[in-house]
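Each chain carries a letter (A, B, C and D) given by its place in the written order, and its residues are counted from 1.
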Amino acid sequence: MKKKKSQYEIFREKVKIVLYGTNTMLGRMFDLVLLGLILLSVLLIMLDTVQGISSKYHYQLWICEWIITIFFTIEYVLRIISIQKPVKYIFSFYGIIDLLAVLPMYLSIFFPGASILSIVRALRFLRLFKILQLPQISHQSFQLKEAIDASKEKILVFIYFVLISTVIIGSLMYLVEGKDSGFTSIPMGIYWTIVTLTTVGYGDISPQTPLGQFIAALVMILGYGIIAVPTGIVTAEFAKKSLRDNTVSTKNSCQICGSKLHFDNAKFCHECGSELHH
Amino acid sequence: MKKKKSQYEIFREKVKIVLYGTNTMLGRMFDLVLLGLILLSVLLIMLDTVQGISSKYHYQLWICEWIITIFFTIEYVLRIISIQKPVKYIFSFYGIIDLLAVLPMYLSIFFPGASILSIVRALRFLRLFKILQLPQISHQSFQLKEAIDASKEKILVFIYFVLISTVIIGSLMYLVEGKDSGFTSIPMGIYWTIVTLTTVGYGDISPQTPLGQFIAALVMILGYGIIAVPTGIVTAEFAKKSLRDNTVSTKNSCQICGSKLHFDNAKFCHECGSELHH
Amino acid sequence: MKKKKSQYEIFREKVKIVLYGTNTMLGRMFDLVLLGLILLSVLLIMLDTVQGISSKYHYQLWICEWIITIFFTIEYVLRIISIQKPVKYIFSFYGIIDLLAVLPMYLSIFFPGASILSIVRALRFLRLFKILQLPQISHQSFQLKEAIDASKEKILVFIYFVLISTVIIGSLMYLVEGKDSGFTSIPMGIYWTIVTLTTVGYGDISPQTPLGQFIAALVMILGYGIIAVPTGIVTAEFAKKSLRDNTVSTKNSCQICGSKLHFDNAKFCHECGSELHH
Amino acid sequence: MKKKKSQYEIFREKVKIVLYGTNTMLGRMFDLVLLGLILLSVLLIMLDTVQGISSKYHYQLWICEWIITIFFTIEYVLRIISIQKPVKYIFSFYGIIDLLAVLPMYLSIFFPGASILSIVRALRFLRLFKILQLPQISHQSFQLKEAIDASKEKILVFIYFVLISTVIIGSLMYLVEGKDSGFTSIPMGIYWTIVTLTTVGYGDISPQTPLGQFIAALVMILGYGIIAVPTGIVTAEFAKKSLRDNTVSTKNSCQICGSKLHFDNAKFCHECGSELHH
């Protein structure tokens, strides 16, 4: 009994190294195969929605989808049984995505058409950075995350103001242009305002009256200045980050008072005056 | 008589705490209810303009609007009687908005259709920041305001130049393209130029002749460079602000060792550890 | 004879003060009237191209145009006779614009329709900054000019590369999409590429084949990165300018070696070591 | 025999100076003629695709193309025989472009229509900077290249995330809008998402259902923030570059007075005027 359990243990250990590890040859190869299968799977689901392809090869695509789904299911089960704390994995971000990646296919047995939801598999690509483990890339994506995080609050406040303006401008355009120009309701007017302020400009709705076009021109010039704001926020964060990299470092923290930001060549803490030990 | 007045005084005091205060449980709850009602009200007005919904539920929406309007009216009256200086409130930014938020409904008794103007209630959302009283958020929105204010003058000068170019380019396109391509007048040509320079590009009017398309291409490339200018202005302001926050100054020199480069908020010299006297 | 000449001299002097000066009450008022007339004139020319207005009020507009033109002509002649060096004025930027502002009306006697060219009067608005003489505004517009000048070379090099890409991408799209999708020729393909890369996106021509749409998507993502470049260039210039204002000044130039860039508080030239005299 | 070879050597030398050199009068003139011919050739190929022109002047254009092609062929052969290491040239970037510039015309003998591929000649324009040899321009284009290179990695990581979002949003819109609104397949949905996120906004496909328009509005606001990221990345690089040019460092401290903040290229202390030893 003990020996059998031990064999199972060894199997679990091996599986874990292949599934979660990226240092062994086998683990690395598995990761690459996995990425390839995700890419293939996402492409298959996409192609299955294209009229010409779907009508000809629907059956073949359907078979392939099932094969990949079964592979992903086995992988998911193995991931659970091989890890120390399966519950933690199941409810982690990647665990939920791994489940969502296989669920739609099984649901499609009962609800035909659910298989298209398998497209959420695309989110499994996010694992790429874990797999690659390139310190450079993960540093870049960390810097990106940091700059976006730091700007998030300012951008949210900004979007709040923009949304209020959007309601007012959208209503004004609804009143000025009316249903004949496509401004069929206030929500439609707001939709138009967002399309215009963001400079997307589909042209599915566009002002027809001189007054409407005059207001639209003002909105565009406003959007001109407005689009500069989120760019300014994010850029300032990036600039701050990249400047700090050059001159000031956070590695040089004070062991007495814990203050963080010092010059690279600082000898004493500027907060408490105690010596810094690099 | 004196006692009765005192009771009224107490009532006024209580109302003031609820309406203007945000520290008490009741004051905070009132604010949340108010925000909820504003949101509901704005949604109702919007929905009432949607054909399908309006034809079915117009009466119900109308009732709800009146209930909310009466609530807002009572709130407005209470705000006036509870505050020390009612005149100051009435002519303040928020006071005017609070009045404009209820007026259209009463006007709609005499002028049907005026009720749609109630959409200005959306501006009451601006109060959110006062209500939340999150120092962080109000700091963010202050920084936003400061950076936009600092850029305003430069952007206005810039827009002045852009508008002059707009008149010239719009007239040129009117001459080149003519009425057949939709350039029915010079103002239309200017409208097209603004749509193009801001990269909105509806496509409701677009050049049809080769020469017109050539000029349009030049305008777009010009717009390419031009759109960079307001972004550059705003970004530079943000960068200046955020750099100043943890800026380094040479004014803050150490009186013991003479080292110069310190943070603005440094208390001790990072060279010799002696205290800095500002 | 001598006295008469002197009177003419006095007249010239007075005219000069009114036309060129901005310090006297009369000079200032004249400038405001002039700006008003330019604005009125530009609006009249615009309105004359609007079908509905032109058919009704063409005669009235025509009269007004002639009155303003004659006023501008007298102003132009007075500017020439009142100034010391008339030739210099005639061939200066403003002199040419002042001439171009009146010429089209006179040409329209022989070539009907030439009157529309009077729209170049809009360029006379550029005089505003000279008239206002607000040091703040002219400082802003100087900073704008300086930042744009500094970026000009980089942006030109960048646009050169973009234009080459444009030719290649435009030809590729012409080959892939062909005449049926509106890509009737390579110049048309280039026009589409510019419309897409600059994110204007009229939609008058858009790819219809899957391959064309795939390439278009790539071009857009490329344009995504590309649009960042001129913005980056201009912003960096603005940031440099505004940072330099804070820390480093060019006023503090060395009188011995002539090197310019020093800290505001520098006492010695960092190039030659000689003392700086502020 | 020796003499003949020597003559050939002299001829090779001369050819090399003309083709590769830019210092001699003749070399410079040749370069200008070459640029002119490339421009002419590219224009001819473009015009040949324009219906009206092609039907009238196809024969003349065809003759001109052949003349230029033969000139380019001779130039290519001379470049090979005149250079020391012909293999290196043949497989260099410019060598391949020079070959590709003549090949399509010869291919067009066997495959009519291949002549249009001659448009790759446009890439020969890249040689301009080599020809001009303006140190200023090549410095600008070097700075451009450096900033773009430095941002490349971050932008690629960013685009990877954007592409994943694109797949998810595109599929969602396909499900919500369906085939009636033009969202005929998931790839079409992804195409729409890219058109929207990049703010190009053709309008060839646009959401028709209220839910679809609501999601579209969210995507646009998302795109608003998102477009700021590559701009932020590139701008920060430019700012870093341009700040570093006249940067200030703390490494360069004065050994006499101990003052720290100097320009990187400072030779004398700006505090005490003594020489700095790096």
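One rule holds for everything that comes next: contacts are C-beta pairs under 8 Å (C-beta built on N, C-alpha and C of every residue); 3 or more make two chains touch, one makes a residue touch a chain.
The chain lineup, named per UniProt: A, B, C, D = Ion transporter.
Predicted model, so just to flag it, every value in this text is computed and none were measured.
Asker: Report same or different for the chain B (Ion transporter) and chain C (Ion transporter) interface, where same means the shared residue numbers exceed half of all residue numbers found there.
Answerer: different
Asker: Of all the other chains, whose mean CA position lies farthest from chain C (Ion transporter)?
Answerer: A
Asker: Taking each chain's centre as the mean of its CA atoms, how far is chain B (Ion transporter) from chain D (Ion transporter) in angstrom?
Answerer: Those two chain centres are 41 Å apart.
Asker: With centres defined as the mean C-alpha position, give me the chain A (Ion transporter)-chain D (Ion transporter) separation in Å.
Answerer: Those two chain centres are 30 Å apart.
Asker: So the centre of each chain is just the mean of its C-alpha atoms; given that, what is the distance between chain C (Ion transporter) and chain D (Ion transporter) in Å?
Answerer: Using C-alpha averages as centres, the distance is 29 Å.
Asker: For chain C (Ion transporter), what residues touch not just one other chain but two or more?
Answerer: Residues 187, 190, 199-203, 227, 231, 233, 235, 237, 239, 243, 247, 263 of chain C (Ion transporter) each touch two or more of the other chains.
Asker: Could you classify the connectivity of these chains, where an edge means two chains touch, as line, ring, star, complete or other?
Answerer: The chain contacts form a complete graph, every chain touching every other.
Asker: Considering only the defined contacts, which chain B (Ion transporter) positions touch chain D (Ion transporter) in the complex?
Answerer: 199-203, 231, 235, 239, 250, 257-261, 271
Asker: Which residues of chain C (Ion transporter) touch chain D (Ion transporter) in their complex?
Answerer: 153-154, 157-158, 160, 164, 167-168, 171, 174-175, 184-187, 190, 196, 199-203, 206, 210, 213-214, 216-217, 220-221, 223-225, 227-229, 231-233, 235-237, 239-240, 243, 247-248, 261-263, 266-276
Asker: Residues of chain D (Ion transporter) touching chain C (Ion transporter) in their complex?
Answerer: Chain D (Ion transporter) residues touching chain C (Ion transporter): 42, 45-47, 49-51, 116, 119-120, 122-123, 125-126, 128, 136-137, 140-141, 143-144, 147-148, 151, 155, 159, 162, 187-188, 190-191, 194-195, 198-204, 227, 230-231, 233-235, 237-239, 241-243, 246, 248, 261-263, 266-276.
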